[in-house]
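Several structures are given next for inspection.
Note that chain A is present in both complexes that follow, paired respectively with chain B and with chain C.
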Partner chain A sequence: MLELRSVTAGYDRAAPVMRGVDLTIAAGASVGLLGPSGCGKSTLARVAALLHRPDAGQVVIDGQPARGWRHRAPREQRTAFGVVFQQPRLSADPRLTLTDLIAEPLRAVGRAPEAAAVVPALAARVGLGKDLIGRRPHEVSDGQLQRACLARALVLRPRWLICDEMTAMLDASTTASLVHVVEEYRAEHGAGLLAVGHDRVLLERWCDGTTHWDDLTGGL
Partner chain B sequence: MADTKDLVWRAKGGVRRSTRAWRVRTSAVLVAAVVLAVLVVPPLVNLDEQAVDLGMKLHPPSLSHPFGTDDVGRDLLLRCVYGLRVSLLVGVVAAVVATVIGTAVGALAAASGGWVDRIVMRLVDVFSSVPHLLLGIFIVAMFRPGVWPVVVSVALTHWLSTARIVRAEVLSLRSRPYVDAAISGGASRLRVAVRHLLPGVLPQAGLAAVLMVPHAIWHESALSFLGLGLPTHQASLGTLVQSARGSLLAGDWWPTLFPGVFIIVPTLAIAGLAGAWRERINPRRRSELML
Partner chain C sequence: MKPVLSVQGLSVRFRMRGGSHVSAVTDVSFDLAAGECLALVGESGCGKSVLASALLGLLPENAETAGSALLGGLDLLTADERTLARSVRGRRVGLVPQSPAAHLTPVRTVRSQLEESLRELAGVRKPALRAAAEQAAERAAFPAGHLDRYPHELSGGLAQRAATALALIGDAPLLLADEPTTGLDRDLVDRTVDELRRHVGDDRALLLITHDLAAAERIADRVAVMYASRVVELTDAPAFFGAPGPRHPYARGLLDALPEREFTPIPGMPPELTALPAGCAFAARCDRADEACAALPGLVAGAACHHPHVNVLESPRA
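On to the complex of A and B.
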């Protein structure tokens, strides 16, 4: 179970973008969070993934309160989340090849030897062929790069996936294929999902339930 | 009418492009020649650049002394090459030290954020508000004349702009989602810094270092010219120009001209190369310059 308890967060203490937001996702469940652009959904997603320190409130992961944010969060809490962002160009270090990009989390947690076996299989699973994974981000399309970013999010087998507008930059067929990969992974590993977006049709088909930003914040 | 305008515009662009290529090539050749002269000539010729020959004093350029001789009969070509060697050493070491200090301070300020950042950057502002030649004079004045006080003085007065550049660069890189992704992937602070932030900053820092070399050489020359840098018997471009002042008033132009050329040509060549490098790593700036 992933619980956000009365989270107040933003970038200026005097004017937070959200006040007292509660959100609960049952283990293995998926929730779609809908809202207009700029309302604060991404900030909420970053709080949930322990990437943004809220001004007040708590994040509880499977019964354990988060013990810090960003680097201060213990590694096993941070890596419980696989995060995919909206813009693949900005989410990929331009100097790393796609192979290195996907292997990076394994290396960061000291499991580099596994990379040789895990990365090609995972790349194939997200639909990246052998000829593509040796390239750097500027040599592939947005869709291909987002596939690599999804593979990177899955490589440590997280218990929670946070997809922040993952498909907003992509065409319909790439969207379908990435959603399929996420759902396949969740079916195998029982991972929970928070999918943030503004595409009601997509999120209603993708997730067990959807919630609207206005309902979450009480229309504030 | 529109066609001719277009043609003229294109022709202009072409000319500019070829001048730039020519400039880069000339700079590269000159820098290579300087490096070669400085590294190869002194061990090969094995002559004493301090050898005094009072019978040969202040001879104008001739076949045996292409740059002439100075007021105690030392060969000026040899003095210039040795002087360039010392000045280049001072310039390069000072620029590297200044860049390391600047990168460390800038990265620390940006990585820490908050009050550390504010205090460090205000200190940088305070240092920058003092003319740095003045600050440099103040620093060398505290030591006995020599190479290292000059290096310290130039290094300590030149890291400020690098600190600003590196801080800005780290701040912009740090907020990229790929840093978030790295944190979420379990990367430690050190790993994020070394693997993701530093490689992004290094080209800028390296460029700042190269751009600083000519500036550092000018500073060494200025300090030595003022009599505060290197001791006068040690040939450096600054001390050569300084000791030539007296003979210039007597109409002997060569002891001033040749060291002066040795200051200007290599430094402009290094600056030219660095400029080309900057245009390479920052293509948008190039297109802005083209307009």
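On to the complex of A and C.
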């Protein structure tokens, strides 16, 4: 279970973007969080993925309260999450080939040698063939780069996936394709999902349930 | 009636280092009449934004063009930069940009940006300027109370309206909207495109470039689907989104991928624009492909396909 308990967070303590928010996702379940652009739902996604320290409240991951944020989060908690953001170009190191990009989290946890065994299959799973994975971000399209970012999010086999507007820039077919990869992974590994977005039709089709930002925050 | 914009055989190639070429737009033709909205849809990298750049005379140095794009007698492809800057951009083509926040000047208020455009494009001078700016804002439903704000103080929807107000100032006969709804939530998408549609009225034409099929369905009269640099289907919007549906297998696949429809992706990915096949560029992903598809299909009856889906409701001709 992933729980946000009474979380207050933002970038200015005097004016938090959310106050006292509770959100619970059962193990293996998926929740779609809907809200207009710029409302602060990305901040919530970052808090849930231990990437942003809340001003108050708790994040509890499978019964364990979060014990740190960003690189100070303990490894077993940090690696419980795979995160995909809206803009692949902002989250991909332009110097890395897609192969190295996908392997990045393995390297970060000292498991680089596993990359050779894991990355090709994972790349194929997100639809990236041999000819593409040797390229660097500027040599591929946004859609292809987002496929690589999704593979990167899956490479440590996380128990939780956080997808923040993962498909907002993508065409219908690439969107359907990435969502199918996520759902296939979840079916295999029983992972839970928080999908944040503004497209009601998409999130209702994708997730077990949806909740609206205004209902979470009481329209703050 | 004479079209507002007539694009004939438009091709754009980029010369790359090492002598290779990227074919970004290949042999595209369409007319756009006053009062009409044409949606140009396709995925990122299909060539649709290069086509927009070509119409605005904003192609990079290494681009080679062929064909023509006539806007009231002026060929946008051969016009010099001076003509484009003085009499085309803003005056004959109004651009509604992809990210209004980036398009608006961050250090100046909306009012001062509107006033500047009014001075430059419409020759309005003080003391009439203030009222004219308020009128321009009103046309795009931008609230007068927000005119003295800076772009970063605006919501996404208001920034979009500010950008639209700017695009409308020159009374350009052609409005070009390049992904105007990216990242907006559905309600705002609907409102934004409805407003664009309203501005088209009877005497302007709108070219809506988008990957958002729902936005296209909402306001387009006709749809052009681009795939791997070519227009593969060009047809009336109601027939495309409703019955009988798209005729080209790619266009059909794209619609079926929508979450409100089948939500099934098209297998595979588009070919590289540096290495387009000689025949149909969709063949590797198409379940209808056969030997005939090794030859390039022409755009016949609205679809560039050797085996298009046919209208089952159409009675066979005697």
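Methods note: the second predicted complex is superposed on the first by the 220 of 220 C-alpha atoms of A that agree within 3 Å, B and C clash if a C-alpha of one lies under 4 Å from a C-alpha of the other, contacts with A are read in each partner's own complex, and residues count from 1 in each chain.
In this text, a contact is a pair of C-beta atoms (placed from the backbone, for glycine too) under 8 Å apart; a residue touches a chain by one contact, two chains touch by 3 or more.
Computed from a predicted model, the values in this text were never measured in an experiment.
Asks: Clash or fit: chain B and chain C on chain A?
Replies: In the arrangement built by aligning on chain A, the partners chain C and chain B fit side by side.
Asks: If we overlay the two complexes on their shared chain A, which of chain B and chain C does A:Ala15 touch? Say first, second, both or neither.
Replies: Once the two structures are laid over each other on A, A:Ala15 reaches no partner at all.
Asks: Which of the two partners, first being chain B and second being chain C, lies in contact with A:Leu202: first, second, both, or neither?
Replies: Touch status of A:Leu202: second partner only.
Asks: Between the C-alpha centres of chain B and chain C, what angle is found at the C-alpha centre of chain A, to the nearest 10 degrees?
Replies: 80
Asks: Report for A:Ala108: first if it touches chain B alone, second if chain C alone, otherwise both or neither.
Replies: First partner only.
Asks: I'd like to know which partner A:Ser91 touches here: chain B for first, chain C for second, both or neither.
Replies: So A:Ser91 only meets chain B here.
Asks: Quick one: classify A:Leu156 as touching chain B (first), chain C (second), both or neither.
Replies: In the superposition, A:Leu156 contacts chain B only.
Asks: By the touch definition at the top of the document, which applies to A:Ser141: first (chain B), second (chain C), both, or neither?
Replies: The second partner, chain C, only.
Asks: Look across chain B and chain C in the superposition and give the shortest C-alpha distance you find, in Å.
Replies: In the combined three-chain model, chain B comes within 6 Å of chain C at the C-alpha level.
Asks: For chain A, which residues lie in the overlap of the chain B contacts and the chain C contacts?
Replies: Touching chain B in the first complex and chain C in the second, no residue of chain A appears in both lists.
Asks: How about chain A: which of its residues touch chain C in the complex?
Replies: These residues of chain A touch chain C: 35-38, 86, 127, 141-144, 165, 168-177, 179-180, 198-202, 204-206.
Asks: Show which residues of chain A lie in contact with chain B when the two form their complex.
Replies: The contact residues of chain A facing chain B are 46, 49-51, 70-71, 75, 78-79, 81-83, 85, 87, 90-93, 95, 104-105, 108-109, 149, 152-153, 155-156.
Asks: Per the contact definition, I'd like the list of chain B residues that touch chain A in the complex.
Replies: Residue list for chain B touching chain A: 176-178, 180-189, 191-192, 195-196, 199-200.
Asks: Looking at the complex, which residues from chain C come into contact with chain A?
Replies: Contact set of chain C toward chain A: 42-45, 155-156, 182-188, 211, 213-214, 253-255, 257-260, 263-266, 268-269.
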